[in-house]
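What follows is subunit A paired twice: with subunit B in the first complex and subunit C in the second.
Presenting the complex of A and B:
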């Protein structure tokens, strides 16, 4: 048996996420059962039975999704402890990069969390509005979410199985490099940082003007830019080490767990955008989007600006 | 105001035995009508009232109140409907014994965002309509049966419900208090409430304001 799989954190994480997937599969069966028969104008016994069944199903989904959000933290922590088992890995990033689909898995989990929070909100709105106006949105979104979660479970299993305690890895191997890499459209990292701030300003503008389509596109672009700038630029200021390019260590105690705030605020920002785009774009949604993005930008660039102001130079 | 179409209620026990408590009930009640629902014990009166009050869902059928099928309401809207539209006079004295009469009316109001002054006004009005104002500060456990009944009526109307449902309201009252209750029903009728009374007490023949009588037997209307 693979030493990784039987380590306590990983086996607990895998066990719990399998359990959650089991519940979600059960709920998926009922979701499909309901969707095929639902007719909201009917008053027959079948329809009332379906309405009861959908209440039960959505409750199961809600609880399972909440658990899977907490499981993400467990996942992050178990990866962190694996760094001690895998030769060469000094932090989670080394572990993530040494297994197959590591980064894809993290990205997928991020999307799942945003959509899971969003699904819970849709359910809430559906119960509060009269006549279940978001019923089909909720059901179809769940099917999509289920596919993502099942995929992420499958990738996770493969990921953990592909890790080896014998083969040494280069921690942050492709991250720990000082040579200039080019990113999107051949831009340098400095240009990407400028694009990051400009996109931020456009997001504020799009939010202010309530341009939903524009805002959704910008938020996806911003998510991508955030990842690159955090890894290759902002984190180096947080670590105060120009060669330490890692999205992971900012979660560590040494850096006051700042990473949890950074990623948490980013999740919330994307969630509010989703909320604003799908539901009413009220004044309070507007201010939540603006606050979350601004907080995120402040959190990531604080050390950089501090460093820049106190030394008047770049790293 | 209230319209039922082909309402059925089937109870299933733990051995999967089915018992049909209501069979194809259809009825219509207009605003401000006072309707009697006669029926012997076990005929399904309480079940029917529970369904109209959205305390229970039927197995099938349409239950339309003010133009809306209340069966399909979410829990959130079902409780809003109960709070705003339904006053329920229960058969047993479901009261909080250790609290005073006026404190017993508070739970019906706390979820509405009212100021304390508004609450006090509503409570005062309901207590005087039910003729129990003089006992407002008295603990419920020290009240007589008739007074408890009036307390329940005050609670049923404190939220200005348009529909008042009474489940065997005179079952625990003596003759004098039962007659007094008939007077209160007359008052509610004058207040333009829609009233549905489930009973098998012949004393209701004395009630003059009755518009309609339904007979429920073995779960079916005759």
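Presenting the complex of A and C:
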């Protein structure tokens, strides 16, 4: 028996996610049932019954979202405690890197949360509007969401099983390399940071002009850029240590949990973009997108600018 | 209806129909209290052990040859002192004294009273002693477990040890260890080093093991490597090894309990599911009234979920408080034996109140969230029933 699997946090994590998957499967059965029989124009008793069935999916998703957010926090906390058991791992990042699919799993959990919030929003819009305009979107989106959650469950199981308490992990030595790595199109990190700010300005412009396609492409680019810049550039200023390149430790107590705010704002920003692109692009959506992105940029750049002002030099 | 008035309505309903939830509430708080006491107890003990670990030496070197633990040559002490980065090296004398008639073990520790101790707990003990008086005759300091044992077999003033060389050693009881250090000192006997050496039968030129302290903890790895190559018949125990061992042990004990506990939770949830599936007339009446006053099905579902959430949340709080009282005020009778082992001298420790936030999160996750999931489907089924049929 693997010692990792028996630790309380991990067994709870697996138990809860399995339970959620079980209930979501139940909802999936109803969703497929509805999709096969749904007829927009019919007004018979069957269609009313289908509507009632769709309420179940909504309710289960709401509870599942609540649990997913909880599990995400638990996941972050529990891999931090597992670092004690795994030789060579200094913090959660080492544990994430030591198991297979570690980083993929975190990214997937992130996407699932954004999509689940979005799904609930679609559902609300659908209930409000006349004639269920987003009904099939909602149903297909649910199937997609289900597949993602099932995948993340599978990855999580594999991840925890692959963790070994005997083999040492390379951990931060991967992140600590001093050689200059090129990321996108052979750009150096300074160029990426410039690209990050330029993309931010373009996003503001696209939001202001309400260019939906442009905005959605830009936000995907921005998500990628912000991951790279946080890991390799901004985090070093938060830690005030040029060799500490870690996306994970900013969630820790030592840095006043700033990471939760940074990632939380990023989730909200992407969610508003998704909302604005799919539904009508109203004035308040516009201001929300602008506020969220600006807040994010301010949060990550604050330490960087502060460091420069107080020391008159860069790391 | 605004949020606040809806909440008010909900609380009024809960107060009026207390009976409906009382069984669920009591059972839930009981289940939570049991798991919470296990988790609290485990982290409290773990925390205490970890904090004593801070006072331990950085390395412990044992002479380990062909699978047997041997006495360590004392001359190694000088060798280790020559390693750069090492600040203090000390040979220790200790071992177990076995009382055959009752199959009890005592931990016998010999201290050089005039030396500075690496193990800080021992140094504290020496600081409180009047050494001249202690060394006047053959004296010993005993833990409370040993004290109880001696009292039971009428060794009120002294105890007679039988060293391997067939002599007799009459050692007087000088005093007891202070209360509150029970977890470590319960079965311990401390005496002067030459006396302990004689009773345990350790020859001159040998010690039980050697403890090493570093001046700079950053040189840990370098010194560790040098220790490994210094002698090939050694076993080196590091502070980190011990910490890891503790974590593993407590994870294991808590984890096994939790794995079993999950089955209990699942059973409880199934019961809950059954109970909700059997529609009571009271529930039906309530839903019919709500729907005829213009509530949508969706509103009723979320209303019912919030109602259940409040019940389980208050059960959670009550359960945690009960567990806190049980573990930290009553010192967890019965349960502590699982964690501390009751085979040898019995321990009566006082647990220091310490709660990990992760434990509270685990408790919340293992009970409150599955509870919500279990009631989702029955509540939905109840709410979407045909109105006209329900009224009839």
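In the analysis below, the second predicted complex is superposed on the first by the 315 of 315 C-alpha atoms of A that agree within 3 Å, B and C clash if a C-alpha of one lies under 4 Å from a C-alpha of the other, contacts with A are read in each partner's own complex, and residues count from 1 in each chain.
The rule is short, and it goes like this: contacts are C-beta pairs under 8 Å (C-beta built on N, C-alpha and C of every residue); 3 or more make two chains touch, one makes a residue touch a chain.
Since the structure is predicted, the reported quantities are computational estimates derived from the model, not experimental observations.
Within the superposed three-chain model, A:23 lies in touch with subunit C and out of touch with subunit B [touch as defined at top]. Applying the stated contact rule after C-alpha superposition, one finds that A:74 touches subunit C and leaves subunit B untouched. By the document's definition of touching, neither partner reaches A:144: not subunit B, not subunit C. Shared-chain residue A:56: touches subunit C; no touch with subunit B.
Once chain A of one complex is fitted onto chain A of the other, the partner contacts of A:84 are limited to subunit C, with no touch recorded for subunit B.
Once the two complexes are laid over each other on the shared chain, residue contacts for A:260 go to neither subunit B nor subunit C.
Shared-chain residue A:127: touches subunit B and subunit C both.
Put simply, more of the residues of subunit A are touched by C, taking subunit B and subunit C as the two choices.
In the superposition on chain A, A:44 contacts subunit B only, with no contact to subunit C. Shared contact residues of subunit A with subunit B and subunit C: 52, 55, 127.
Subunit C contributes residues 39, 243-244, 247-248, 251-252, 254-256, 258-259, 262, 297-298, 301-302, 305, 357-358, 361-362, 364-366, 369-370, 372-373, 376-377, 379-380, 383-384 to its touches with subunit A in the complex. Across the complex, subunit A meets subunit C through its residues 3, 6-9, 11-12, 15-16, 19-20, 23, 26, 52, 55-56, 58-60, 62-63, 66-67, 70-71, 73-74, 77-78, 81, 84-85, 127, 165. Against subunit A, in their complex, subunit B makes its touches with residues 5-6, 8, 57-62, 69, 71-77. Interface residues of subunit A facing subunit B in the complex, by the touch rule stated above, are 40, 43-45, 48, 51-52, 55, 126-128, 130-132.
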